[in-house]
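Each of the next two complexes has chain A plus one other chain: chain B in the first, chain C in the second.
And now, the complex of A and B:
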């Protein structure tokens, strides 16, 4: 951080000013002139918060995807199916036990086990063969999608949240002053989204700590840099592969429960989230966890601001970002390579 | 010698196929959204088709019926792909479908290039399909999205007292048509539409749009369907929304009312309109509901048929009875068959249906309100029956044309159109 400030004083200043402006936009009461240009503060703030929480969901899906890719050079196109499966499993667990939290546990464990099976039975046999892996994972995703359609049908499923999570919470951020009395009206925001945001930050930080501060994290990073050399050092690389694949798959499962809670589960969601995580990972940089976080927030914000300020073209915005990144920084924003 | 055996074989094969020709199966292509956000809708459409097939014992005019299913995903290009497959590859005689608005427009345009095939719409409801440059071989036995709104505008203005409304809808032809039909009647009754929000079909996160909805209107009109509708309701509940709601046709039908979760509860009491009402006591309707419930186990169907099941059932019935009338004879390039189709008056479960000059249905519409039945299921309770709704909604065709094709800002909200 301090090195960055020393090297790029001008950029630091620009970022500093932008950060102050953003804080002002969030906390100050908007003057009428600004409202005339940008619409109500409530709309802006909701789009901002929603973009970040949607980004949190994208991060959960994409981080597993990018982790698997970074270590194994394996583009797992069945990742979206793991997301949807996790959602359905979580729904079943919540229905059975009535405890929301258990949905996450069940989804993580069961989808992680499926991840292990996929790695051991399928991917180990075709290590290093990119094209074969890609085709096989597409095949698996189609088979899984049909199996899920057969078992769960085409209905829309929502995972029930506990009562304390449903409904909005009043945030300490002022929306407007009441015209008659001058009393402040505060912004209301869905509780469940804030919880999901907090959980994603915890998972993200946890992953960063795991990768940077533990022995297994060290092994994984070494594997990302040079797999063969790590194996030559006597480390059981295959075991690390299985662990990472299980973890990445489990995260997709957890994301499925999150998605099923504040959106819904239905056939077709698998492809949508596969596409979303591909875009996120391309923008952020293949194989990089901070990249996935940055990419997810950018895409989430683009979708939400797009949906409010230019609804017709919100879909285009996401892909425009991807095109720009591919044109000017094809390796992704935060990629090392 | 070898050559001789070969040509003999060919002759024999030719003979065999001509024998087979006499009892040839009648091939019908079936298009419905069996993929993507409208999957549940397509599945229910197929249930309607199956009921019709069962009632006709899989035969029409002595010919066995072979149904070829082609799944689509609600996008026009998927519909064209599917319809080309059944027409050009499977060589079907008749196509039943599609389900979704913009698919209908695309299939209508394709129908013009295939005059030897007869197309009968499934349940797609964009106005353009039969109103703007219709195809001679495309028939629609369901009303369009605007007709499905008949009665709602005056009901919410006069009975509910909603003087101002904002609309939110998916950005495609069917919802344009629905808002068109609602606006036409509501604005003539004296209501004001303050804002219209359009979101892309397949939007999953409505949170920001929900925040942008105006607070100073009497009600919000919801023109969403399938997964989008469920997501909207879920997030609306989470955001603590409590405005009055008005439902579009596919917002409040069984596809949404029987989704898993509690988001649908928000809809209780919501007025809406469409081509059927779950609680209608007409014996024909009750008979169809019974047939639907008997044909499928409870976990494989909705508590009560959705409008897709009814739409495909009606389309299939129209086709089969017209075939019966011409004794299965399609040899004159479908000429007699099409005349029979055109003259068909369906005594359908959801009221009498006849066709106008554009081969578009004139039928009965229902104003409804969402309520709980005695089993705790949400159903559409009948409020009012509106008979004989035609495509121009009772407005003089010349004036109707001037209003324009349904779009994001069409029609303008006016007290009178002339």
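And now, the complex of A and C:
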């Protein structure tokens, strides 16, 4: 951070001004002129909050994807299927037990086990053959998609939130002053989304701590840099691969439960989230956890603001961001390589 | 379509031929002549369903997969954007030519519409290629997949040009030289002609200096760069050439299915083209056509077969997926690879009793 300030003082100033402007937009009461240009403050704030929470969900999906890629150089194009499967498993678990939290546990465990099977049965046999692995994962995703369609059908599923999480919470952000009395009206926002946002931040920070402060994290980072050297040092690299694959797959499963809670589960969602994680990691930088976080927030915000301010082309906007990043910084925004 | 036999045994026999064309023709495998004769005489004994819905469709899909095979097999770049290029060409035919959506279609004559459609689609393919060649290997797959997805969403949400979700209907081939190309037999020969042309051109280009340089770049880009070849330019040019084939196939596809809509280039069809090319085999240009024929046969008859053995007919995707998975898992070079392996196995077992034949076993 401090090195960045020393190196690019002008950019730092620009970012600083932008941050102040954003804070003003969020917390100040909007003058009528601004409302005339941008619409109501409530719409803007809702798009902002929705974008950030959607980014949190994207981060959960994409971080497992990027972790697996960074360590194993393996593009797991079945990641979207793992997401959807996690959602369905979570739904079944919540229906069975009635406990929301158990959905996450079940999804994580079952999808992680499937991840272990994939790594041991499929990927270990074709290590280093990028194209073949990619093709095999495409085949797996086709098969999984049809199996899930077979079992769960084409209906929409929504995982019900527990009572203490449903309903809105009042945030300390002023929406508008009442015209008659001048009393402030505060923004209300669904509790469950804020909880999920907080959980994602906790998971993200936890992953960062795990990767940077623990022994297994050190081994994983060494594997990302040079796995042959790590193996030569007597570390069981295959075991680390299995652990990372299980963890990344499990995260996708957890993300499926999250997605099933504040959106819905249906066939086709697997491809949607696969594409979202592709774009997120291309924008953020392949194999980088902070990159996945940055990319997820950018893409989430772009999607939500796009759907509010130019509804026709919101999806195209996210791809435009990807193309711009590719054109000017092909390795991604926060990639080391 | 010719199966070119590359064994040196036949090359010796060819030296008696006087002209180069004669030499070349003599190298063609007899089985390939059989296929050529069969395809040309097919309208004599096949009904319109087999003619158009099986062979016609297979050849169109084969052409699109051929453009992918050219990029992947000779250039080492697996591009998923070829289906979108084809669909864009179909869209352009609908927009500049005639369709049911008369408020959008401009109604140009065919000699203006077709070149413009092909040029625009080739431009799109070239630009996508220029973006994709900034990356390598698996990244190329992801970026082209993302471009294809963007194309799909854009055409679905844009109503002013692409007519949104419904797309364009009643696209028909024009009447040229007094022949009604909508009739089954002329349309079959039209498809056969373009499929054969693109097949032969791909073979020709793969042996031209450009194609050889491209294969050199596939094997070792750094060395080719050191030899003075412009690596990026060759790669982008390969995308342009592949886009040309895909564009022609796209126009035929829009005439074949009578319509063009976002679903034509949805994520499913985009992946299907990759499946076709990989199942057929990426090492030789005949592979995509074999893969396309297998795909079309599965697609058309798996429902009946599944129901005949008492299974749910709607599970044909599962069959295609499992078949694809098995082939990729056990034979990285698709059906062609399986065939080569079987041939090698037969040759070895024949040599077993020959005391002078290779004694590896």
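Here is the rule we use: the second predicted complex is superposed on the first by the 337 of 337 C-alpha atoms of A that agree within 3 Å, B and C clash if a C-alpha of one lies under 4 Å from a C-alpha of the other, contacts with A are read in each partner's own complex, and residues count from 1 in each chain.
Note that contacts are C-beta pairs under 8 Å (C-beta built on N, C-alpha and C of every residue); 3 or more make two chains touch, one makes a residue touch a chain.
If you're wondering where the values come from, they're calculated on a predicted model, not measured in any experiment.
When the two complexes are overlaid on chain A, chain B and chain C occupy overlapping space and clash. In the superposed model, A:324 makes contact with neither chain B nor chain C.
Once the two complexes are overlaid on the shared chain, A:307 sits against chain B while remaining clear of chain C.
When both complexes are overlaid on chain A, the residue A:99 reaches neither chain B nor chain C.
In the superposed pair of complexes, A:315 makes contact with chain B and with chain C alike. After overlaying the two complexes on the shared chain, residue contacts for A:150 are found with chain C alone; chain B is out of touch. Shared-chain residue A:275: touches chain C; no touch with chain B.
When the two structures are aligned on the shared chain, A:14 is found in touch with neither chain B nor chain C. Contacts of A:158 after superposition on the shared chain: chain B is touched, whereas chain C is not.
Ranking chain B and chain C by residues of chain A touched puts B first. When both structures are laid over each other on chain A, chain B collides with chain C only at 261-269; the other stretches in 261-269, 297-305 or 333-341 stay clear.
Chain A residues in contact with chain B (one complex) as well as with chain C (other complex) are 312, 315.
Within the complex, the chain A residues that touch chain B are 39-40, 42-43, 46-47, 50-51, 53-54, 91, 149, 153-161, 166-168, 188-193, 262-264, 266-268, 272, 303-305, 307-308, 311-312, 314-315. Of all residues in chain B, only 34-37, 39-40, 42-43, 73, 171, 197-200, 202-212, 226-227, 230-231, 234-235, 237-240, 256, 258-263, 300 touch chain A in the complex they form.
On the chain C side of its complex with chain A, the touching residues are 78, 131, 134-135, 137-139, 141-143, 145-147, 149-150, 153-154, 157-158, 267, 271, 274-275, 278, 312, 315, 317-318, 320-322, 324-325, 328-329, 332. Those residues of chain A whose C-beta lies close enough to touch chain C in the complex are 73, 75, 122, 129-132, 134-136, 138-140, 142-143, 145-147, 150, 271, 275, 278-279, 282, 286, 312-313, 315-316, 319-320, 322-323, 326-327, 330.
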